[in-house]
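Listed next: structures, encoded as structure tokens.
What follows is subunit A paired twice: with subunit B in the first complex and subunit C in the second.
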Partner chain A sequence: MSDVDGASSVASASASASASAVSSASSVDSASAVASSGAVASSGAVSSRSAVRSASAASDVWRFAARRAVELAVTLLAASFLIFSAVYLAPGRPETFLLGGRSATPQALAAIRAHYHLNDPFPVQYWRWLTQMAHGDFGTSIQYRAPVLHLLTARLPGTLMLIGMAAVLVAVLGIGAGWLSARRPGGVVDQVLLVLTSVAVGTPSFVAAIALIWVFSVRLGWFPSIGSGSGFFDMAYHLTLPALALSLYWVGTLARVTRAAMLAELSKEHVAVARSRGIPERIVLRRHVFRNAAGGIATMSGLTITGLVVSTVLVESAFGLGGIGAFLDSSVSVKDFPVVQAISLLIVTVFVAVNLVVDLTYPLLDPRVRLGARNSA
Partner chain B sequence: MKTAQTLQTPQTLHIRGLRVSLPGTARPVLDGVDLEVGAGQTVALVGESGSGKTLTSRAALGMLPAGATASGIVEVDGQDVLTMDARALRRLRTTTAAMIFQDPRAGINPVRRVGDFLTEALRTNGAADKRTARKRALVLLDAVGLSERVLRQYPHELSGGMLQRVMIAASLMADPVLLLADEPTTALDVTTQAEIIALLRDLQSRFGTALLFVTHDLELAAVIADRVAVMYAGRIVETGPADQVFADPKHPYTAALLAATPRLDAPAGRLAVIPGRVPDPRTVIAGCAFAGRCAHAVDACVEERPETAAVPDRSEATVACWRSGTLTLQGGASRG
Partner chain C sequence: MSTLTLVRRRPGFRALRVSRPWLFYICAGFAAMIVVVALLAPWLAPADPNASDLSAALTGPSAAHLLGADGSGRDTLSRLILGSRTALLGPAAVVVFSTTLGVAVGVAAGWRGGWLDSVLSRSSELMLAFPGLLLAILFVSLYGTGLVAPIAALSLAYTPYVSRLARGLTLAERQRPYLAAYRVQGFSNWTICVRHLIPNIGPVILAQSTVNFGYALIDLAALSYLGLGVPPLTPDWGAMVNDGQSAMLQGQPLSAIVPCLAIVVTVVAFNVVGEHWADRVANREDARS
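And then the complex of A and B:
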């Protein structure tokens, strides 16, 4: 089990390292965007300003995209180094697994090490791995003696479906619960939801998995406890409990974030103004509260996606699903270097990509935010 | 534009004995407020921060703070506001009365277009379809001196003065009988203030709307209003025609406010200040709330609350002071 913990902590450590890099960059952008727009607007140069804005909007987007592409490359490079060195430094030797517990002559051992280039110095190994990855060669699994890419693509659909289902659950239940809470803060619904979200946030996903299996598979027999099924609907049926277990923590978190973001908007003066104009409360809530809170909720939703990816390690193992997460788990326990490295890098890539998407949605959610405003400010 | 008040038509805004209590206060924050605004008339509600003037104006729209309990009568265009259900309140706010807020930058949703802000109230209540609402918005944008272009712009692309014009245009969308303006120029710079005041006066006479103008600025009140109501610690202490109240105040508080107003034509020197501060709402006051700060207070002022009485030789003017009959108070500088 300690190997599993090691694997998930490698993945999450590298993910959070790139998280801080990405989020610090984007927060600077939006802060300076708001500041600059405020300054220009108050100076009263309105007509010239909007002309400049529309002319430079297109080039802003390209400049932003170019800068983010460079940031993405740097982030991936840093993450790849962290991942490679973490796996390199981890205790245990891959040749022990390759030998399957048999004792080998020093000559045989040396041959194995030479075949997998295990004797090369660290920088040489890293550089070989990096150039291979850059060419789309993810290496060969030590455990299965097959290309990592094939092993991953075979396991990808189940994991994508699981994450997709969990993401839908998180979005619907999390935002829905937050919205219901914000409708009447301190009311009965809000208090019940606060208790429920506390339970959801406080329950680790593998505990939730065991509880769900016990109730819905063993006692009630409604859902299968193992396997991922075949065909879309059978898969969805098989993945219902895993998706619930996976989403539980993030439903609670997103509900809390949605509630807090909406309460912060509710106290804004423009909401009081909207009410004073006789606008129906449900429209006030939708157009003036949720709409304005959407930026923070989108950020949290982005983090959720990456969190779901990392949590599949535990949930897929608990439900005996043959997905990417379970693959990472088993590969770590047998020190299957190429697989662990490839999956870790995949998780970091997902993280960076999701963050990029979230950043690109900001200007749509808040017209005061301009892409790449740091350069033009 | 002094409109003579006729007794036959109902007052556009009629507040009688309005008492509002908030949790955690020892005395009502509004303690028997009487206020009238006639059709097409402009009344300035004047007082320091915390006197209850904003609360009074918001009560006209049925907007009371959470947990507040209210008694008394608030009627807008003959309809009782305090007993309205949510639906009736919405209709009142969309069609009968509208409020112009202090800070348009905070009051207009920053992520939605100005056009949405203008047409939203009409459209969400089914009072107008998209085209009709847009047409009306264009008429009013023209009236406040803005171009059609702002419909597609976002609030941060406009200056504060332009945004306040948007706010004013939005308030007139449904042709209300009553406008409530809560310090509409306080957040603007001085030159913009003058423009907005001129615009408000112009529109008010053009659309025949009654206006309750809430301000702490007595000079401004004297410029814009037909009548003035001076408020202190939740009560109206003096009412009357604006020029007469300004020239010859009957309540010591009104006189003190006038003396504390900085004036360009006054000799340079120390500005008169009113000693002390507005009494804490967590204390009970038996007598006149101003007694503790009043230079003319006698024992009776502390012991018993002064009745509101008509001012002799002045039409529709009242004062709530035990000593008003015997005092001679200094008025403000004559205007014009």
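And then the complex of A and C:
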């Protein structure tokens, strides 16, 4: 982190230097303007100054984005190296690993060594694997004897839909519950939501899945307990309970974060000013409180997406959905390592990408924040 | 710098701890009870947790099986009681290893600074890209099921959280005069760090570790639920949920719901205790600085 901070502080220092240069130029400008004709001209100088400043801020954003992207690419590279070299750190030789514990004749072993290029030096193997990955060739599944990429793309839509539904639930319920709590802190609604969110935060997603299956599919029979359905609406119907189970923990977390962020904002002076001017409370909450609290909530949302992706392993297994998460689980059980490698890399990539997006949206939500100085919630 | 903000915590428990001390006492009592049950488990369990009484399979509570039996006729209560051992031992091991490693890494990075700091901070950042559960699944796929691989993986995954905290605290602490005084007196870095620095930042770190305990419990139970954690015959709450799921679909939910409740209540109890402790420690720290 220290490198990042150092780099971005350098960037901001250069930005402020250029800004001060601009402002000194325009102050000369405005001084002459004031001397000649007065207030109208000086206001024009102010607006031109702010235009210059926003242009330099825009180039700053691009520079920051590029630097951050390079940094995250390095993280990704290191992660890919760890994931690849893991096979070599494991006990036993890679070819026995690739056989998945079955015994084989020496000829078959030699064939496997040749097929997977195991006789090459380690860096050569890593480079080959990495370039193949970059070209979309994720290797061949040992379990299915089929390209990993095809197996993954076949399972991707269901998982994406599940994560999408859960993300919508988290955003709507989490922010909604936090908002309701912040409307009257300490009130009945706040107290009830406090208890509910506390239970939600203490409940792992597979426990939530069991509870939902018991209540809504065994007792009430409203929803199916297994399978993912076909067609959009049938799929949405089948995925309702899984999405609920997946989102429960994050709904609780986001509700608490939203409430805390909004309460922190509510105690500030500008809110008191807005209220004293007679602005209706709901507009105060929407424009003056929520807008300012949005930065922290966005940071939390980034964490949420990553958490949702990882938890699909549990929820898809609990509901017998054939998605990426369940695929990871079943591949680990049979030691189908090319699949495990590919999915792990996929999850780490999502993590890195989401982090990049959050880093970039943060200054958009709150322009006061210096780029790269996002506070960790 | 306020230490309160440094401790990574579950937002959900923040509001619970301040206003309601009775909740802390209930949770502390419950946590203590779980520990006692885990210690005395073999003597408390009414039946052999692996003995299957097929006549009792898929039946509700009875005199012989107070909480009923699962699909293979194993006594739920006995499995629950013996399962508390793995449920507590696993997270405890994770917390011990991640705290030791995290303190070592964090203090070294904060105290030495320079290239060591950048190397250690960079590797912590890399570790943060692997969510704990994913790392555990990777380790299990490499080293096979059992408790060792998940515990090693989770210890590694939780280390960055401890090390970041320890590094921050060390940076703040090394500005203080008493450490400068030791340096002037010619004490070695090792002595200053081990005898004086670590005891002083210890309470805050232990509070973070208590909070981590709940996370580790959830992650380990999740792995066992997936069948990647404990070996098949060991009674474990996560594995019980998995076994109980089919019984639940046949209308006999007790063997799945009971371990679920045990997990949730234990996690909540340990977190409330951890939050309370973090709060008290942080308050003291705030008052001092």
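Convention: the second predicted complex is superposed on the first by the 272 of 377 C-alpha atoms of A that agree within 3 Å, B and C clash if a C-alpha of one lies under 4 Å from a C-alpha of the other, contacts with A are read in each partner's own complex, and residues count from 1 in each chain.
Operating definition for what follows: a residue touches a chain if its C-beta (ideal position, glycine included) is under 8 Å from a C-beta of that chain, and two chains touch if they have at least 3 such contacts.
No experiment lies behind these values; they were computed from the predicted model shown.
Taking subunit B and subunit C in turn and counting the residues of subunit A each one touches, the greater count comes from C. Within the superposed three-chain model, A:357 lies out of touch with both subunit B and subunit C [touch as defined at top]. In the superposition on chain A, contact of A:288 is made with subunit B only, not with subunit C. After overlaying the two complexes on the shared chain, residue contacts for A:77 are found with neither subunit B nor subunit C. Using the contact criterion defined above for the overlaid structures, shared-chain residue A:366 touches subunit B, although it does not reach subunit C. By the document's definition of touching, of the two partners only subunit B reaches A:274; subunit C does not. Touching of subunit A by both subunit B and subunit C, each in its own complex, is seen for no residue at all.
By the touch criterion given at the top, residues 10-16, 117-118, 121-122, 125-126, 129-131, 133-134, 137-138, 140-143, 214, 218, 221-222, 225-228, 238, 241, 244-245, 248-249, 251, 253, 256-257, 260, 263-264, 267-268, 271 of subunit C touch subunit A in their complex.
Against subunit A, the residues of subunit B that register as touching in their complex are 58, 61, 63, 86, 89-95, 98-99, 101, 103, 106-112, 120-121, 124-125, 153-154, 156-162, 170. Residues 1-3, 75-76, 78-79, 82-83, 86-87, 89-91, 194, 197-207, 210-211, 213-214, 218, 225, 252-253, 256-257, 260, 306-307, 310-311, 313-314, 317-318, 328-329, 331-333, 335, 337, 340, 344, 347-348, 351-352 of subunit A are the ones that touch subunit C when the two sit in their complex.
On subunit A, the positions that touch subunit B within their shared complex are 37-38, 41-42, 44, 46, 49-50, 53, 268-270, 272-281, 283, 287-288, 291-292, 365-368.
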